[in-house]
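There are two complexes below, and they share subunit A, which is joined by subunit B in the first and by subunit C in the second.
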Partner chain A sequence: MNLSFLRISIWVYLAIFFLYLLGPLVIMSVTAFNSSAFPRMTPWECLTFQWFGELFQDQRILNGIKNSLIIGAGTVVLSVAMGLAGALMLTQIWPKLRATYYTIIIAPILIPGVVLGISTLVFWDRINRMLGLGADSVLSNGIFLTVIGQSTFIASYCMLVLVARLQRYDVALTEAALDLGATHAQAFRKILLPFMRPAIASAAVLAFLASFENYNTTTFTFGEYPTLTIELAQKVRYGITPSISALAFIIVALTVFFALLNEAKLKRQELVAAARKNATVEELAGKIKLPSFFAGNVAALLVVVFGVATITVVGTATAYNPAQCIANVKEQKQLEAEQRIQELRKQREERRKQREAEEAEQGGAQSMPKPSNNSGFGNVFAPNTLGGGDEESSSEPQPSTNGGFGGAFDPNSLKTD
Partner chain B sequence: MSAGVGVDLENLWIRFGDFVAVRDANVNINGGDFFSFLGPSGCGKTTILRAVSGFLDPSEGKVLIGGNDMRGIGPNKRPTALIFQNLALFPLMKVWENITFSMEIKGASARERRKRADELLDMIALPGQGDKLPSELSGGQRQRVAIARALCAEPDVLLLDEPLSALDLKLRQHMRTELREIQQRVGITFIYITHDQGEALTMSDNIAVMRAGVIDQIADGKTIYNDPNTAFAASFVGENNVFRGKIRRVMGTEAVISTNRTGDLVARISTANQGKMREGDEAMMFVRPEAFAIASDDAPGDHCVTARVKHEEFEGNVFNIFTEGDGGKEIKVSLPNVGQSFEDHTGQTIRLEYETRNAVLVPAGELAAE
Partner chain C sequence: MPRFLKEFFNRNGTGMGLAILGLVIFWTIGLIILPQLSMLDFSFRPNLPPPEIGGPKDVYTLENYKYLIYGPEGGSQDYNAVDLRVFFRTLLAAVCVTIFNLILCYPIAYYLGQSKGSHIRIFAIMLIIPYWINEILRAFALRIIFGETGVLNTLFMGLGIWDTPFDFIRNDIALYAGLGYAYILLMIFPIYNVIESLDHNQIEAARDLGAPWWRIHWRVVIPYAKPGISSGCTMVFMLSAGALAAPQILGGPSSLWFTQLIYQQFNDNNDWPQGAAYAIVLLVTCILFVLAVMRLFKVNMGDIGK
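Let's turn to the complex of A and B:
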């Protein structure tokens, strides 16, 4: 019994853990399909794809994505090259210096991104001036500065990834290549580089993702080329819309897809290798019997499911028209709002009557201004002043309460409590 | 044998900081020879190989290949090919790509390379295995691929750094003969590094016995086995029984030593030490286990050793008797199994005799660790 309790608590823990990890993503993704103008999951209004459409019509977002891709590519090239050079240096350097060298080269990871951003800006501005170049030179170009700035610390990440692989490299392989007549350059290109390829690919992906999501360094260096993160940050400042959820959903979907694809590929290689090992020489010399693509490969299956799902969703999106649903919801909302207005109006009527009765008691000698108009804001927040006059329901000119906010912003409703 | 390219080491010193890895090595290796450097690990034999292949510059002295000084010539420009201890096959390349790597460097077409690879695969008895990866081959097959890869570069000198050490015993013995055959077929100079005296003896034309950076003896296998220069060479190559003593009398090429335990014994002074050993010198006499026989009654005392038998074992082809020797070391006697009956001697004291020519006397010196 004790054991089963333990087992259950482990499952509960796992559930909580994954909820914590993935919950926000799931909720954000769901909000991308809700027609509500504010990103929310409940109340569910209508299934809609309009936020995706809106996203792809937003020139600033699109421009941000473009800049992010350009800067990402630049950062990948620069960081992987620098990381590889750093990693090779680490294996070549005099052993006593190695620890010191390692510390120095890892340091950028520990320095706050903000500091890196500012120092990159200051440093290259100084260089720019020393060379006597103008403000429009390459050295003060936003893309150049962002790539340089991000690479200062992303190169360290790359180096860590590359060093791990390099430590498994047998230097005798390079020696063997040299011994067989290769020059150092040939040995590097034909032996070391192919060996490093998987690590270089990992480092490149890591560098790209780090560059793509970077904000605090980029915010100082982007100049005239805001990246996606910068654009998002600026956009969110003026309120959040579901089209940002739509963007998040696309990014999540792409990430999951490529992760699955990679997993499927690895699994496939494993299966092929296993098949080759079991095969006899004759089989290999003849034709290699590959396992069917899906045999024992869950990831591959998921990739296909994922692909089919995507096609279905996109197909539905083009055919689906939520206009009717949205219209219904609108109507519903309007009805609700009107109902609320009616109620409020009723309350107001009652209160007015009460007041009149009180006034009558105190006598008409005191001529007080009407409390309803007494707001310090000169009634600017009364929704009525914003062209509420065309509503035929507002029979009374002064403290009427109507509009979508249900009177919440009406100063009168505060006053009268 | 065809005349290949010879290798000479002249007064070669190699130092790493204060540590002397190779001390004044002088070696002449004839073209087309199978030459072995034999010594325990850490004796500097791999260092010599790296100096010949060009990965290491000598601190002093010269490496000559075909009479040309190799100083300043990198490993990729030397007419040598090295087979590494761990083989260093390129793990991401297929077997045929591995073998013809040296051709790829020179820009040969894939078709040419494929053709050459097939020829070499036939030679090393691995036909049709060119499309495998090295990791899919067995140890012995990998070994042969490494040889083919080195031979494909058409070197004048092939250097082998303990290439058989990773193989199991059966395969090792098989590869010995195979290596020797390949060497005789291609007729180039092989320089072989090993700590296994069996490998050195069976394959080599000449052997250099090394100890702590110093070459003790250079000779063919028979000479090294039968007529060692030093106590180290005598004890490292093959099994040997050592008897320590002082020289009592020198008689030309023979001498009598007095030992504490077994009295005066007569022995032959090893060729290199003849004329150099004086009365009163500390000396060591070596007698091989198989050079002993149970003494006949009339055997003279200075050819005989008396010892108590500790235990015996029957090995099939030989019958081993272990007796108490001096310095805690036991004396091993191997009697060939030629149909006689073996009585149990355990606990008895027996007299063993040897022939003078089979007892070698060298100056006292360091013995090889067991």
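Let's turn to the complex of A and C:
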């Protein structure tokens, strides 16, 4: 009983954890399809694809993607090269220097990105000045600075990935090649590089992704070439729209797709290896019956489901027209606003009458222009809602006033309509 | 040293050796060491317009560091209370985020490291996917959730737990959740790597000898996982103290992160030496803090990054 309780609590914990981890991404993706001009999931208005259209017409985003790709390519080349050189150096450096050297090349991972960005900017600015070059030289170019700044720490990631594989490399292979008359360059190209290829590929992917999503370093170095991340940050800071959700949805979908594809490939390799192991000699001599791509491969099935879903969504997007629904919601909102105005008017009218009655009771001959003035003012403010209305309701603590407003403020009221 | 160099060239050939050496020197000296030194040097100089740089006014000064402590000269206050408060708040918050992440991630890392089965790989993918999504977009996702009309407020108001929207952003809850969210993976992976190599028999043995589950963790698993825990904590602390995107997007209007001050010095005030000085202060304090905590918990520097 105790054990089952423990098991249940583990699963509950896992569920909460993954909800925290994946929930925000799901919610963000869903908001991309809501027609509400502010990215939100509730109240749900209409299913729409307009934010995707808006996204693809946004010149700044497109330009940012272009810059990101250029910078990403540069960073991949530079940091994989430096990472490989750093890893090779680590395996053969003088043992006494080794700890120091390792600390130096691992440090950029821990140095805050802001500091790396600033130091790159300051250092190359100084070099630029020492060489007597102007402000438009290569050394103060945004792309150059960003590539350099990002490579400083991305090369450390690459080095870690590469050194893990390099440790399993048998140096005797290179020596054999050299004995057989290969030059050092040939031995490197024909023996070491093919061995390192999988690690180089994953280092390159890692470097590209790290470069693509980097913000802290790039924000100091980008100059006149804002990357996608910079553009996104500026958009998010100064007002958020669902077209950002649309972009996020695309990125999430691509990530999930490639993760699944990779997993499917790995799983298949495993299955093939297992089939080879279990095959009898005859089967090996003849034709091995390899398992098909989908047999026992959940990830592969998911990839296919995913592909079909994408095609369906894109198909629906081209055919589907939410104009009617959006018009309905708009009309609904207008009706609601009118209703609210009417209610306000009625309340004011009543209040005015009450006051007049009070004044009449007091029998005061003094004219009080303020109340009438106030209501006129209020009417001007009423159509454009909240700010003015709020003041009004706070100055009049009558429960009826509050009730009239409370409904309007409650986001749920929109959903129920 | 020359013998070492000769051996190195013998082993790699002159051309390849030069290429490797060149790249490594460019990386370590040109990209890592010199820029940091240059920033250090820069932080001791006054903020001058470009023509005056290198002129008679370009002397070393402690002005930029003094500014952080005492504020502008002739200011009304004895200390630069605003900036100092931001600085200590940043450090404190980074510590809190680190502890929060450790508590959140340790059970997950333990579970993933010690249980077998194909579902572990699915969990691993689910862990990695959020990490490949842009940092800005992750912060944006949390802003949708924590916003005034966001999912959480709608949910809780719908359930009737509170009836006016709770301002998560002004109360910094969104910021802490965002920082924790951003670095979960960096905490899980080092701990997971270590715990995975822990022989399950050790835990069984402890259990057979009658230890309750919390003592098994306290006496067996945690001491074993200490290197992983310390690398995870170091990374999360350094990265959240140096975070810029999450505070900019999720931070309340009145609360600043120290990196935002640095950013302002560079971009709004155009005072680079001042910004460099602040960056140096942040870097040095963080490193010293990490070293002190590591000494306190008796962790070796060599264990980190394993």
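The definition used in the following text is that the second predicted complex is superposed on the first by the 338 of 417 C-alpha atoms of A that agree within 3 Å, B and C clash if a C-alpha of one lies under 4 Å from a C-alpha of the other, contacts with A are read in each partner's own complex, and residues count from 1 in each chain.
Operating definition for what follows: a residue touches a chain if its C-beta (ideal position, glycine included) is under 8 Å from a C-beta of that chain, and two chains touch if they have at least 3 such contacts.
This is a predicted model, so every value here is computed, not measured.
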Contacts of A:Asp170 with subunit B and subunit C, given as first, second, both or neither: first
Partner chain(s) touched by A:Met28 [first = subunit B, second = subunit C, both, neither]: second
Which of subunit B and subunit C A:Asp179 touches, first, second, both or neither: first
Which superposed partner A:Leu344 touches (first subunit B, second subunit C, both, neither): neither
Contacts of A:Val304 with subunit B and subunit C, given as first, second, both or neither: neither
Which superposed partner A:Met89 touches (first subunit B, second subunit C, both, neither): second
Which of subunit B and subunit C A:Ala253 touches, first, second, both or neither: neither
Touching partner for A:Lys190 - first (subunit B), second (subunit C), both, neither: first
Residue contacts with subunit A in the superposition, subunit B compared against subunit C: C
Shared contact residues on subunit A - subunit B and subunit C: 183
Residues on subunit B engaged by subunit A in the complex (per definition of touch): 53-55, 74-76, 80-82, 84, 86, 88-92, 101-102, 104-106, 128-129, 131-132, 136, 149-150, 153
Touch list for subunit A against partner subunit B, complex: 170, 172-173, 175-183, 186, 190-191, 194-195, 276-277, 281, 284-285
Contacting residues of subunit C [partner subunit A, same complex]: 1, 4, 8, 11-17, 19-24, 26-28, 31-36, 38-39, 42, 50, 53, 104, 107-108, 111, 121, 123, 125-130, 132-145, 147, 149-151, 154, 157-158, 181, 184, 213, 234-235, 238-239, 241-245, 248-249, 259, 262-263, 266, 272, 275-276, 279, 282-283, 286, 301-302, 305
Residue ranges of subunit A touching subunit C (in the complex, touch as defined): 6, 10, 13-14, 17-18, 20-25, 27-28, 31, 38-42, 81-82, 85-86, 88-89, 92, 94, 99, 101-116, 118-120, 122-124, 126, 129, 148, 151-152, 155, 160, 183-185, 188, 209, 212-213, 215-216, 219-220, 228-229, 232-233, 236-237, 240, 244-245, 247-248, 251-252, 255-256, 259-260, 263, 410-412
